Each structure stands twice: as C-alpha cells, then as structure tokens.
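One chain, chain A, links the two complexes that follow: it is found with chain B in the first and with chain C in the second.
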Partner chain A sequence: MRGRLLAVGRAVAFVALALVLCGAIFEAAGFSAPDMFASILDGAFLSDGALLHDMRWACPLFISATGVVIAFRCGYFNVGTQGQFYLGAIGGATAVALLPGLPAILVIIAALAMGMLFGALWAFWPGWLRIRSGTDEVITTLMGNFIAVLLLVWVTSGPLKDPSGSGQVTASPPVPPAFRISNDGGVSPIILGITVAVGIAAWVLVNRTAFGVLGGLAGRNPVMVTWQGARLSRLGLGAFMLSGGTAGLAGAMEVLGPDGRLVSGFSPAHGFTAVLVGLVANLSISGSVIVALFFGGLASASLYLPVIAGLPSAAIDMINAAIALFITSRAWPSRFRFRRVAR
Partner chain B sequence: MAGDGAGEVAALACRDLTIRFGDVTALSGVTLSLAPGRIHAVCGQNGAGKTSFARACAGLIAPSAGAIAIAGQKLTAGNSAAARAAGVQLVHQSFALPPSFTIAEAMEFGLTGRAGAIFTRRGLRARWAGHLLALGVDAKPSARIRDLPVETQQAVEIARALAGEARVLILDEPTAVLAPGAAEALFLRLRRLRDGGVTILIILHKIREVLAVADTVTVLRGGTLVAGPEEASAVTAEGLARAIIGAGAAAPEAQEDLAALVGAAMPHGTAHRPASTAKAVMTLAGVTTRKGPDGQHLDDIDLTVGAGEILGIAGVEGNGQRPLVEAIAGLVALARGSVTLDGAAITTAPLAERRRRGLRIIPFERNTEGLSLSSPLWENFSARTLLEGSALALIDPAKLRREARAAFATWDVRFATVDHPARSLSGGNAQKVILSREVDDAARLIVLAQPTRGLDLGATAFVWHAMRQARARGLGLILISSDLDELFDISDRVIVLQGGRVAGQFAPPYDLGAVGRAMVGAHP
Partner chain C sequence: MIDLIVAVLREATPMIYVAMAGVLAQRAGVWNLGLEGLMITGACAAVVLTEQTGSVALGLLGAVVASVILSALLWLVIEKLRANPIIAGLGLTGLGLGGTDLAVQAIYGSEGAVTAPAGIPTLGPGFGPFAVLDLLVVAMPVMVFALWVLLRRTRFGLRLAACGEHPFAARSVGADPARMRLIALLLGGALAGLGGAELSLGGLQIFSVGMTAGRGFMAFAAVIFGAGHPVGATFAALFFALVEYFGIKAQLVFGERAPRDFVLMLPYVATVLGVWISARLRGGVPLSSVEMRDG
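Then we have the complex of A and B:
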C-alpha cells in the first residue's frame, strides 16, 4: 500500500513540476501564467459541461492507454499507438464502406472488430520482428506511425475518398447516421459502455490472470521467466497484439462516434498522449482512469484556450511534453527491463 | 624477510576500522598492520567482513570510523583515486574488464580511465606487449577479453592492476573462479610478485589455499578481528578452522560438512549408499549441441541419474556445464542425441512440458535466471505454478501470496512481506526462495547449477541438507559445481566435463589428483 501511495505521490509531483516549468515558460513568453492556468482549469474542469467534454477525449485515451499498460508491463515499449489507432480507424471505415446494406448492429460490431484487427496487425509486425530477430520495437513502432499517417492520407484521398468533398480536407464519406455510435459530442451510452468493458477486461487481465503476473515478470526479467518455461514469443506477441487491438478499437470508435467519418490526420496527438497516460499512471489500469480524465481535460481545454483567453492552444501540447519529459526521465532507468543478455 | 614488521613501516595499516551499511556492521574496530613485501591472507566466512575490508583499503567504501595508512601515509577515506595514487590496487571477485575490449585496450583504459584521447591499435599493442610478457601473461594483446579463458582474464586483471605503481595488490577471492591447477599457477605468480617487492593482500576462504600461499594469516569473524596477522608457519589447519568458524559451531554429525565448507581437509565422501541401481530418472544419450556464442558445446554426452541419487558434475568452468543445463532444460536445440525424463522421451519437448513432468532447475545465475529481482517475492514464487496452467486462467493473488508465505516459512526464508521485491533478500535467502519454488512434491529431477556459489556457511549447509532430503525422497539430483570439496562431500557419483565431453567418471572415495587430471584433459 505504501508503495502505491508513493507512486501516486510521485506522479502528482511530476505533473506539478511540469506545470511549474510551463508556467515559467508562459511568463517568459509574455503571458500571465496564473491567467493561463485559471483558464485551463476553467475550460477543462470547472465550466458547465466540462466533464462531458473531458469524457469525449478521455474515453479513447483510456482505451488506448490500457493497451500501452499491457505492452509496457510485459517489457515491450510499443510507442506505435498512434499508427495502430489510425489503422483501426481505417479498418472501421472500410467495414462501413464494404457493408452498407446490413443491419446497423452488425455493421457496428463488424467495424469495431475490423478496427481491432487492423490495429492488432499494425502491432503484429513490430512484435514479430522484435521476437524473431530482436529488432528494437521502439524504432519499428515509431516508424509504423509515419507509415500509418501516409496510409491514412492515401485511403482518404483514394479508395475511401468522399466524392463530394471540398478538397480542403481529405476525408471519407460521412458514416450513415444509423451506424454512428454517438453524435458529434462524442459521449454516448455505447461509448461509455465499451470503455467500461475494456477497462474491466484489461484490469482482470493484468491483475487477475496468469498472463498478467507472468507478463509483469517477463517485463522485468525475461531471462527468469524463460528458465521457468515461459515462451516469450507467445507472451510477447500476445501483448503486442492486445496493445494494437485496443488502439485500433479506439480509432474505429472515433470514426463511428464523434468524427463520423475518416479524416486524414485526425487526432494527431492521441497515441502519444495515451502512452503518457499509461506512464503517468505507473502502468496501472485503475490509475489510468484518473490520468485519462486529466489528459482528456487538457485536450478539451486546448480547444477553449484560443476562444476564451486568446491563448495559443499549443500551450496544452507544451504541458503534455513537459509532463512526458519528467515522467520518462524518472521512469526509464528504474522501472523497466534491462536489455542485457545474461550469459 | 623473517622479521615481524615491527621495525619497518607497515605497507598497509588500519586503526579501529569500522564499516556500517545502515543497521548492519560489516566491520567493527579492526586494527591491523601488514608488513611490506609479503603475502598476507585474510580469511573468514562469507559475511565476516573480508570484502568490505578490501574495498575500504582500496578506497571504494568510506569507513564509518577509523583510518587506513599506506606505507605510513594516511589515506583519504573513500577516495579510490587517492588509494590508487598511493599504490593500492584491487582485483575484484567478479572481473571488471569490459568483455568487448582487447587486452591492450583494457590495460590502457583500465589504467588511465581516460576517455577521448586519440590512440592507435598498434600503439596500444606495442605499449602493453612487454608489460604482459614480463608478468608472464600468455595471450596476445589484441585478443578480446571475452575470448579468454577465465584464468587468463584473471592474469590480465592482475597485470592491469600492476600497470601503475602498485605497491599493495589486493585480491578478493581470486581462486573462486579457478580450477585447482590454475590456482597453483596463480600462487606461483603471486610469489614472484612478492619477490619483486609487491605487498599482497589475498582474501581466501579455503584453509588449504591459505596454507599454500600465505606468509601471514589474519582471520575475521562477524566483522571483528579474531586473530592475526600470524605467521602462516605457526598456524595449523585445525586451529584456523576453529578461528574461522568460532567455538561451539561444530555439531558432531556435521563434521564432514564443516571440513568441506572450509576445505580444511579432503573429505572422503562417505556416500550414503553404494551407487544405486534404482531406475533412471533422467537419461541423456549421445547428446550433442552446436557451439554456442560462448564457445561451449556438448559432444556425445551419455549420462544417467537414478532415483535417489546425486550426480556431481565437475569441470573447469566453460567446459560444457551451461549447455548441459540448457540441453536438459530444452533451451538449446540438440544436434544429435536424446533426452529421457522418467521414462518419457522429451528430446523435443519445450521446457514448460519438461517442468510439468517434474524437471526442476536452479540455474547458474541466481539474480538473473533464478529470480526477477525487481518483482515481488510472491510473483517469483508463483511463476512456476502459473506456467503450468493456461495463461488466461484466472488467479487469486491473495491465495498465491498465502502459498508463498507458507512455502517461505517451511524453507526458513527471512523476509518482510511477500510484496517486497526479491532484491531485498540476501544471497542465502534468495537461494531459499528458489529452492522453495523448485523443490516441491511433484519434482522428479532437480538440476542445481552452482547452488552454493556466494553463499555463507549456514546457507551452504542448508542447501546441502535440502539436497540430501530430496535424495531421501527418491528424487534424482544433478549438482554442477566448481567446488570439488562440495562435489566430493555430497555426490554419489562424479562426472568430469572437459571440452564438452565426459572426461571421466568417479565413485567415492574420490581421488582429487585423478579428478583434477580429468578436468584439465590429462586423463587418458
């Protein structure tokens, strides 16, 4: 218990430190830091309906973050969440385009499943390379993100292009209203239900199955579990694909939900923020709930900043980046596996 | 040389030296004066404070109290650069040379610690070839450290230590990694250095070796100075054993264990029964593996372990011990041969299935292969049972914690809570955690690779007791050890591995000479 409190305290302290750093930069750039933080706080958490807006961003972030937690706990630094999220969105939009005549419920299920599958496949090849030949998955998943961005551009300007589009944004045709799982607000019973279900499933997987315990052991010491008879290839590929699958699900939900279509270059910071959520939560599923709400709040505030306070919305990116800086600087050496081949 | 050092300035002297780590006192109030130009042995059990003493002398630990003087000059506490400048060099227990360096590179950068200076390979080789030759190191300066046999690595380490103006050379348990013959060669080297004027402080825990090499003997026990420095010629093996272990420790039935523990005498391995004709638990037939990255392989190994038998595997390290364990575990592919466990062919079975059939392994590296140090104790304990079921099986962590607690209590593990990481345990306790996991009711064959390395006497005796109990239950055991005293004391049969082949098979009473000859390949 004390260890857990310590971890929470540390995460809070690092976020606070990041905010102080950003405050100093805001001041130096000529903005008033107190005003800035007041409007962020207002936009994110205090104004009317703020919580609802937060949820719109927090739900997909949380779903992707569960995948980050699973992969990182197993010692695989899948930072390709963004690419897997995009592939999931492509999968979802493809299903919608291919199955126009079916009943809504089937199309929705097929689209979400296809999103998970696409996301999982986008995590499969880095996982396979990692396990087969030791290729550093940080590099491959990161590169996968760039490829996914281009794939998304191609899909939205090619096979799934909206023929009536204005040409200013490349996008797919709108998803028929019957297949939408939420309005543009992005919060609906279906989305909340899926998010809760994913959360429970991920929590059980991490905390109440042999996979969770063995994955945690493998993440800290893969050599030891090998000598216990574990097959790292299975464990590792499982972790990779679950991780990609959750990101893909989040992507498909964006298409069927708030976005209502597949737009080139949408939610460009989603994947990295999801990684951040997992890290700030110290790779805990339950912790990710709170942290996702916090980052969801920041994301929703970034839309309000220019309107309310005349401030650049990039301020939020700065805060995210500063938090990332502090969290990773303390996390990498201590928590994660040492990549040493014991011989 | 026969003087007692009273008239001359001591090469190394310390006064009231005390070292504390938190609540633990590693060394308390040690006052000692060592004469120059002699070989001084410091001995004691593990945990007696020998290594702390050595590290303090080398400036690697700042003592909590007291002072150290080198040739009359007081040493700045805890400053290794100052200690090196004063001429003190420490050769560590585990080697500190970077494996990917060539000998010349290791000499150059180990000495200067300098980075960034421009150098050429040829220049380095030219600079160090003579030095190595003068010290009798028989290896090319361009050879990589990782390709050297262990005794050459040690020789390079010593040569590196002597590259500067070393006046006091400290060696921390240098024989722990060596075969008997190589230890003799090391002692010869040390005597030559002594005759060249170097003062040598050698930490040993085998009485036989102390008496073979030392001019004076100093005994530490529980962090205090028990005796010495005394002239080695005036010391008897029995007296030394008593000083190391302390009075009242020797229970009558443990006499032979005690003797083996300190290597006071060669026990004659009064085996508990003649080599059993019981049915085989494990059989290896013609097992051959390809050369691994460390250059080791197995070449046509035939061996059988019977139920209720302890088979000892002797050999100089690096002669196939690791591939043997990996072949039994199924972690390395066999080029030829077959493996049978309890009558079932398991040649191609994965480790998980072998474990389900009762194979248990205590691997070489306790802290990397045996345990996940940063993971909680209960996870370390539960790993084996969790792997027997499905990965998606639901588990009850509270129940697993209870099981771990119960097993740890049975095995007398000293721990705070099962949620603490494994790194919070001492070596002996960590080994007990592994034993508690690997020695269960379903076990049929236990492979123990260096199970007592680095353990203190109490923990070593505990491991041996556990092995004998397992034997009494009818399990087969394979003990791989570089400690011949240990092998002779506990094994029902000993096989010598040399170059990946079985170079000899021995039954009690063991003949040290014959086993030693087989280990170095001189056996017909």
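Then we have the complex of A and C:
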C-alpha cells in the first residue's frame, strides 16, 4: 500500500513539474500562465457539461491505454497506438460500407470486430519484425503511424470518399443513424458498457491470468521467463496484437459513435495521449481509469481553448509532451531527495 | 544524373545533420528519439530569427542555441531524473512540435507558415547545376568526416564509445559517463539545430507547423541502419532521400496512375525496411530490450 501511495505521489509530483515547465514556456511565449491554466481548468473540469465532454474523450483513451499497458508490461514499446487507432477506424468504416442491408446490431458488432482486427494487424507486423529479427519496435510502430495517416487520407479520398463531400478535409459518407452507437456527444450506454467491459477484461487479463503475470515478468526479465518454459514469441505477439486490437476498437467506436463518419486526420493526439495515460498510471489498469479522466479533460480543453478562451490549443500538446518528458523518472534530483530516516 | 545528385543531396542534408546528432548520442549510449523535436525547433528558430532580424547568421545561431537548450533539458531528465530515454525523447519531440506551433501563433497570430526574407547563401551561378546547393550542403561531407575523426581517431571518441558500451569500464579509467553524455548531447543539439535550419532556410525559406513530418525519426532510423557509424548513417539518409526522390519522379512521370498517398509513404516504408535489414544483418535488439535501452 505504501509503495502504491508513493507511486501515486511521484506521478502527481512529476505532472506538477511538467506543468511548471509549461507555465514558464507560456510566459516566455507571451501568454499569461495563470490565465492559461485557469482556462484549461475551466475547459477541462469546471465549465457546464465539462465532465460529460471529459467522458467523451476519456472512454476511447482508456480503451487504447489498456492496450498500451498490456504491451509495455511485456517490455514492448508499442508507440504505434495512433496508427492502430486509425486502422481500426478504417476497418469499422469499411464494415459499415460493405454491409448496408443487415440488421443494425450485426453491423455494429461486425464493424467493431473489423476495427479490432485491423488494429491488431497493424500491430502484428511490427510485433513480428520485433520478435523474429529483433527489429526495434519503437521505429517501426512510429513509421506505422505516419503510414497510417496517409492510408487514412487515401481511404477517405478514394474508396470510401463521400461523393457529396467537398472542401479541404476528406471524409467518408456519414454512418447511417441506425448504426451509430452514440450521438455527437459521444457518451452513451453502449460506449460506457464497452469501455467498462474492456476495462474489466484487461484487468483480469493482466492481474489474474498466466498471460498477464508472465507478460509482466517478461518485461522485467525475459531470460528468466524463457527458462521457465514460457514461449516468449507467442507472449510478445499476443501482447502486440491485443494492444493493437484495443486501439483499433477505440478507432471503430469513434467512427460509429461521436464522429459518425471517417474523417482524415481525426484525433491526431489520441495515440500519444493513450501511451501517456498508461505511463502516468504506472502501467496499471485500475489506475488508468482516473488518469484517462484527467487526460480526457485535457483533450476536451484543447477544443475549448481556441473557441472560448481564444488561446492556442497547442498549449495542451505541450502539457502532454512535458508530462511525457518527466513521467518515467525514477529518481529525485539528489538535492531534493528525501533522506531515509534510520529506524 | 546531376539533377538527381543535386536533388538527393538537398533532400538528404537536413536529415544527415540530424542523424549525426543521433550518432553522437548513440555512441554515448542514449537512444535519442528527441531528434524530431530538436529538428523542428531548429527549423522554427532559424526562420523566425531571420525574419525578425534580417540576418541569416543570427537565424542559424538561434537554431543552434534553441536546440542545444532542449538537448540539455533531455540530458537533465535522462541523467539526473533517470527517466526512460525513449519516452523522454518522445516527450521532447512533442515539446518541440507543440512549442514551435505555440511560438508561431504567439508571434504571428494566425497558425500557418512564416517566410524568411533570405536563406542560407548558395554557391551561386559560377557552379553550373550545383549553383542551388547552399553552404550547409557543401559543408556536410566535411562535417561527417570531422565527426568520423572525432569518434574513431581521438581519445574523446573512444572514451565516448566506452561510456556508451560499458559505462562501468569507462568509469574505471576515469571517464565520467554522465559528463560524456552531456557533451555528446550538446554537440548533437548543435548539429540537429543546423539540420533543422537547413530544412527551413535551405530550400523554400519557409517554416510551417509540423514541417519535419517524421524526418527526425527517419534520421534516427538512419543511425540504426548505419550501425551508429557517421558514414553509414550518412549513406542511410542518402538512401531515404533517394527513395523520396524516385517517388516524386514517379508521380511526375506516371501522374494519376501513381497514387499520391502511396508515393508519400515510400520513405517511411524504406525506413522500416532499413531498420529490418540492419536487424537481420547484425542481430537486433536483444531480448532484454528494456535493460539495454534504459542505458
């Protein structure tokens, strides 16, 4: 318990440090840091309906973050969440486009399954290259993100193009209302239900199954796990595909839910933020719930800032990045290190 | 043929400067994924300062200083706070991408592009087809050679490699790994800043938000592809630039039949192939990846 409290305290302290750094940068750029933070707080948590908006962003973030937790616990830095999320969205939109006549419930299930499959496949090839030949997965998954962005542009301006659409942003035709799982607000019983189900399944997988326990050990000491007879390759590929699958599910849910269509370049910060959620939660599924709400708040503030407060939304990107910079720190600067009291 | 050489050189040079920063960090045992952030910071600072002061020299200096400051921050976080270099590097990249976006909006109001009144001086009309090459392109081979000498033929370079490969052994001969990493990262910061400046001030003299488009990450991949060797990384970057050139050419020749989005994917695909080939040839990341990359 004490260890867990310490971990929470450390995470909070480093997030605070990141905020201080951002405040200094805001001041240097000529913005008033107190105003900026007040507007962010307002947009994220205090204004009318802010909590509902937070949930809208927190649900997909949490679902992707469970995948991040699973992969990172196994020791695989799958930072390709963004690409897997996009592929999942493409999969969901493809299913909707291919099955227009079926009953709604079948289409929805097929679209979500297709999203998971596409996301898992987009995580499969970096996983395969990593496990078969030791190709660094950080680079391959990052490059996968860039490729997925272009793939999404191609899909929305080619095969799934909205014939009536025009203008700069390409998009698919809208998903028929019968197949939507939420309105534009993005919070509905179905979305909450799926999120809770994914959370419970991921928690059980990580904490109560051989796969989760061995994966956690493999992240720390793969050699030992091999000696114990576990198949590292199977474990690793499973972790990659599960993490891709959850990101893909989140992507398909965006298409069927709040977005209601496939738009090129939607939610560009989703993947990086999901990785952050997992890391700030110290790779714990239960911790990710709270952390996802916090980052969901920041995500909704990034829409609120430019419209209501007239401040650039890049401020939120900076806060996220600064948190990433500090969050994995394992030591205090020596001058501030707490002296251990001798008993 | 000469057109091809000139085009590839211009495309590759920013990436090569940034890759040399990656080589320095790699030698010192740091996987520097902050290169993308350093590059965009350099690109932004160079154009903004040139636009504000009218002096290209000040623009270049600003690019170097900004990138060095960010590198020092990365060193503090990795070395003093013992953060994971990969995540901290990605954070630094995000800080660079977001910070330049914020800075452009703070100074110029609307989000978008900034144009500099002047660029890095070029060779000029006396050189025929090479006239468009600017001084940083011309200095690039010299810089790569100098870095090779520094890394492979000096006491400092050998100590740096020792710090990266076996910090304990390095410490036993009196080298301080933390300090060596600081020097490597600061020197690399200067080079990455120049690479960013070449990207924005070298060609169109424009900075636009997010203009690096993964070139920093490709430079990092060039370091891996080139086995951490300055010349190897240079050829890897040239290869990526060549792929990009052929993609553009294919589009000019085949027009609509070469889908634009897939052509744009080529450099990223080439990067994946490059990293995969080097892993096949030299053995990749060992099983205990976390241990190794925590460096």
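The working rule: the second predicted complex is superposed on the first by the 326 of 343 C-alpha atoms of A that agree within 3 Å, B and C clash if a C-alpha of one lies under 4 Å from a C-alpha of the other, contacts with A are read in each partner's own complex, and residues count from 1 in each chain.
FYI, a residue touches a chain if its C-beta (ideal position, glycine included) is under 8 Å from a C-beta of that chain, and two chains touch if they have at least 3 such contacts.
None of the values given here were measured: they were computed from a predicted structure.
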item	value
Chain B versus chain C, judged by how many residues of chain A each one touches	C
Partner chain(s) touched by A:Asn320 [first = chain B, second = chain C, both, neither]	second
Contacts of A:Thr328 with chain B and chain C, given as first, second, both or neither	second
Partner chain in contact with A:Asn207 - chain B first, chain C second, else both or neither	first
Chain B versus chain C as contact partner of A:Gly216, first or second or both or neither	first
Partner chain in contact with A:Gly229 - chain B first, chain C second, else both or neither	first
Partner chain(s) touched by A:Leu279 [first = chain B, second = chain C, both, neither]	second
Contact residues common to both interfaces of chain A (with chain B and with chain C)	220-221, 223, 226
Contact footprint of chain A on chain B as seen in their complex	293-294, 329, 331, 350-352, 354-355, 361, 363, 365, 368-375, 379-380, 382-384, 386-387, 389-397, 400, 419
In the complex with chain A, residue positions of chain C that touch it	31, 33, 73-74, 77, 80-84, 86-88, 90-95, 97-99, 101-103, 105-107, 111, 213-214, 217, 220-221, 224, 259, 261-262, 264-265, 268-269, 271-272, 275-276, 279-280, 283-290
Footprint of chain C on chain A - complex, ascending	25-26, 29-31, 75-77, 79, 129-130, 133-136, 138-140, 142-144, 146-147, 150-151, 153-154, 157-158, 219-223, 226, 232, 272, 275, 279, 312, 314-315, 317-318, 320-334
Residue numbers on chain A that touch chain B, as the complex places them	3, 204, 207-211, 213-214, 216-217, 220-221, 223-231, 234-235, 238, 340, 342-343
